[in-house]
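Chain IDs A, B, C and D follow the sequence of writing; residue 1 opens each chain.
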């Protein structure tokens, strides 16, 4: 292994820059040349490579987004696209590739490895929806961003004795909703992984009201339904003044939290170490607080699971 | 003047607690008894009063929302409701009332003063839409909250080379949009106070794109139209990947900024001083950086005006 | 188990309120009466108890500090003080006690349990210096606070091409320094758990300077020495303009991060569950991402260990 | 006027980048070529110029520090240094210079103008200590940063019933201390512009304690004395547990607030407009909320004055 490259793919997430920095610095520390690929797989197919030196990743650890840009590529899903990418990698003499992205991105990386080219995946998405890891880059920041927004809404909810329904991101996964709801003290949390009983939710709101609660906050994952759907149901069934807030794309951005910087740095360095050790076709991850790695196929077979003990705990604490 | 009361009315705004604290502490400093009225005019009619001592407003200066709660009251708009309020004030022996709220709230206060009861208004709304003052409580915090959210969205916009349309609050006024747009470096700002030319906006986006800008950010005031309307138009006319973010109710909450705390404190104290001096039926305000006061009727005649020089400046800086 | 009590002891930490809320709500959920003890062990000896209902812990999840106040008590260290505390607990009929604090606090709790009274400890200190757990309440918030401050200092360091030495808290442990240094991209991190070579540090600063780095940031744990000592050494040996910033007590405060809220809630609930199950004399903790518990004596025998792999990683990434 | 240049000098301040952006963009908008000078007057003497295009100031509006770097130069104070600077300006054909900095920096600019070279000053320093303007770039951000830190310390102060002395920046001016103290609800504020009576301060602390206040916060400007001096006096005279926090250099950094971005943008653009109109030797400023300009000599004659009405208001509100 002499030359490696790194790209970001899929939706951006805070901490991706920290991971890029770690790949570059660890690579150089290990005596490798490191290249950055711009615009994800698009840049891989067109040979949009730049050599990265130590200074090229200076002052990016604390920045959201990704300095390498990210994009989704339809063409890379074709055998033709993959061949072209391999040709570009050969031309520059690159021996290994680190892909920071979601499971779609790892499918692509797996295709390259199937043809013998070493790739390592790093899970990067705010949604925490990847099997084979308890944590994905950006999740901690996204949760904190959502919690801060809900804390602010609580001021208004409390001042006006209102019910608020707050829709958060997460695609098909309820992790952001579950964490944000638990950490913001939501009365109910509605996630795809648990059936919700509208009557149960209504009962909880009414009980809270009866014991003098000044506001109710319901957090709903975008993977379940629109926040307005829930809001309308509540207003209809309780008559309480109910408002809906959709926390949008700002959940994807911002300076990464300490935890996101730490884990991104560790996973970035680990990816390089694995390449140097001759590993390929695996995704770095975190399980029970430890860095691990899993073959892409194995991760792809599983479905990401959510920690339902948090769900039940949240219910017992928001009585 | 021996006993005064204070209430918050209309939408809550960060800094209202700082103003309440200032009214209470300044009142006691001036030798007055001070009462808080809960739930705005509703509490005024039902006599929901509590005497406030120095400690009752401890540790609230930095909190969003309003510890006195706020509500809109239809009944207070009737002569009957106003009589009832006056009766409650008499019963406790209250001589003067400070109303923190928007222009609807001042209309109500004016009705009491028309019957001889001294009232002073303090402009409290994040929208900055009140005539007779350059600034309303909560505006600075709301602008900063919007700017921080747009800064985060910029990370994603830049990483994905996207156009973002961001809808901000402000009711019929464009002040939040104008300040947030200027301070976040938006390419275009769409406000009710200026006609917007869709073609001009499109041209600016395209020009930016041509000179290599990685993203375009368009800020639109909710008083103009839905963000999605603008987003659809842009996508149709440019073909660029365009996303819409509606910054919702979290713009109303949060810990007030230093400026909001400072001005709320000054206006709260000024309201008490005016009552003590025998003034009534006036709203405290800020003009050219100075504390002033204006009769309710005079303020009601005017319309709040926006500083269009900022609008033109923003256009020259976002080329 | 019918009645339990909860107190906070030692230095306050963000998340203590979240833990108190969890103890109260989980206790009531389990059918118990729950009491709060004010001012730590002082209040235990004087019977400063208040019964807590669901609403008493409303709106505190997101607040720093501790609503039960905290204090250090010399008298409770005596057999006499402990007898008095037991007498007070008997009088109210309390069956179990949850102590949120540091290892000094657990020593006290152990004394009560040695006399047969059930106590459970929850590790609460920003310093992360307690054996038997990977995490203590407030650590995540303190690290983020330190990182945000260093991010700001970096602006100035970079604008003026300066070296900054930043002293962070942590008492005898280097955890805050290690995390903050890693997450803020410090050139060198000086912690009690590793010998530091002043020449090595100087070499790193000079090398960075030679390859064009605009600033160097050195993070030093208060447990090693004063920041000014390091600053003077650097200035003497390099001649570079060097400034020192001591991040003081604001590291202890602030609204807890999502992670601190989550773990505090889990540990608070776990403490109640353990009391109900009949456990006593144990501390709740987190190991490898899982909630565990350890007898006080066992925890007391060990010394908290730091994750040196982070230290070595940081060195390889800040080349 | 065809070619202008801009430099930053003295201590950096949040909003300097926003001002640089405004100078560059407004200059280009007005048809000028704009150059950036690196490292303040040092770069002026060595001809360290770079031409700035629209993109060169993209994505800097929200960043602290200064992309042009800043430095203090002894040599530029000599006639020789000034001649050299003029020679460099001639060589590139630059017709006008915008200097962002403090009054020391304007003295330098005045020397160039005395020799016929047009210069315009923009007040940039967090200290707000410049005569001829009510506001300097970075002041609003620095105050907010200090207030946020004090808010955090209040959590601990309140949990432990302690007195805290907090030393803030400001050089010889008390503005940061006055605003931060007022906005954070400090019991006493100690500034160079007002004599402080130690006994009066002690009385206020004791009175607060008697009426049940859980903490006292004293803010002291660095221009008066060390925070520890005050802390020692308080502890000696009251016996209360007193801690000192020195808010250091992080007050200089961070992303600028909305107000700082707005005023920096307006002042940057105004400076260009003034150059184009043929003005020279003047400093842009803000008086009573309006943009104004003042000849350097006139500003130099006056001393910056602080708004003592805030001081007296703060005393009446912190009873």
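List of remarks:
Convention: contacts are C-beta pairs under 8 Å (C-beta built on N, C-alpha and C of every residue); 3 or more make two chains touch, one makes a residue touch a chain.
In this text, all values refer to a predicted model and were calculated from it rather than measured experimentally.
By the document's definition of touch, chain C and chain D have no common neighbour.
Common neighbours of chain B and chain D, by the contact definition above: there are none.
Rounded to whole angstrom units, the spacing between the C-alpha centres of chain A and chain D is 39.
Our note on geometry: chain A versus chain C, Cα centroid distance of 28 Å, whole angstroms. With centres set at the average Cα position, the gap from chain A to chain B is 35 Å. Among the residues of chain C, those in touch with two or more other chains are 151, 154, 158. Every pair of chains that touch is listed here: A-B, A-C, B-D, C-D.
Residues 8, 11-12, 14, 16, 63-66, 69-71, 145, 149-156, 158-161, 164, 214, 243-250, 252-254 of chain B are the ones touching chain A in the complex. On chain B, the positions that touch chain D within their shared complex are 21-22, 25-26, 28-29, 54-55, 58-59, 61-62, 134, 140, 143-144, 147, 151, 154, 158, 179-180, 182-185, 211-213, 255, 257-259, 261-262, 265-266, 269, 287-290, 310, 313, 316-319.
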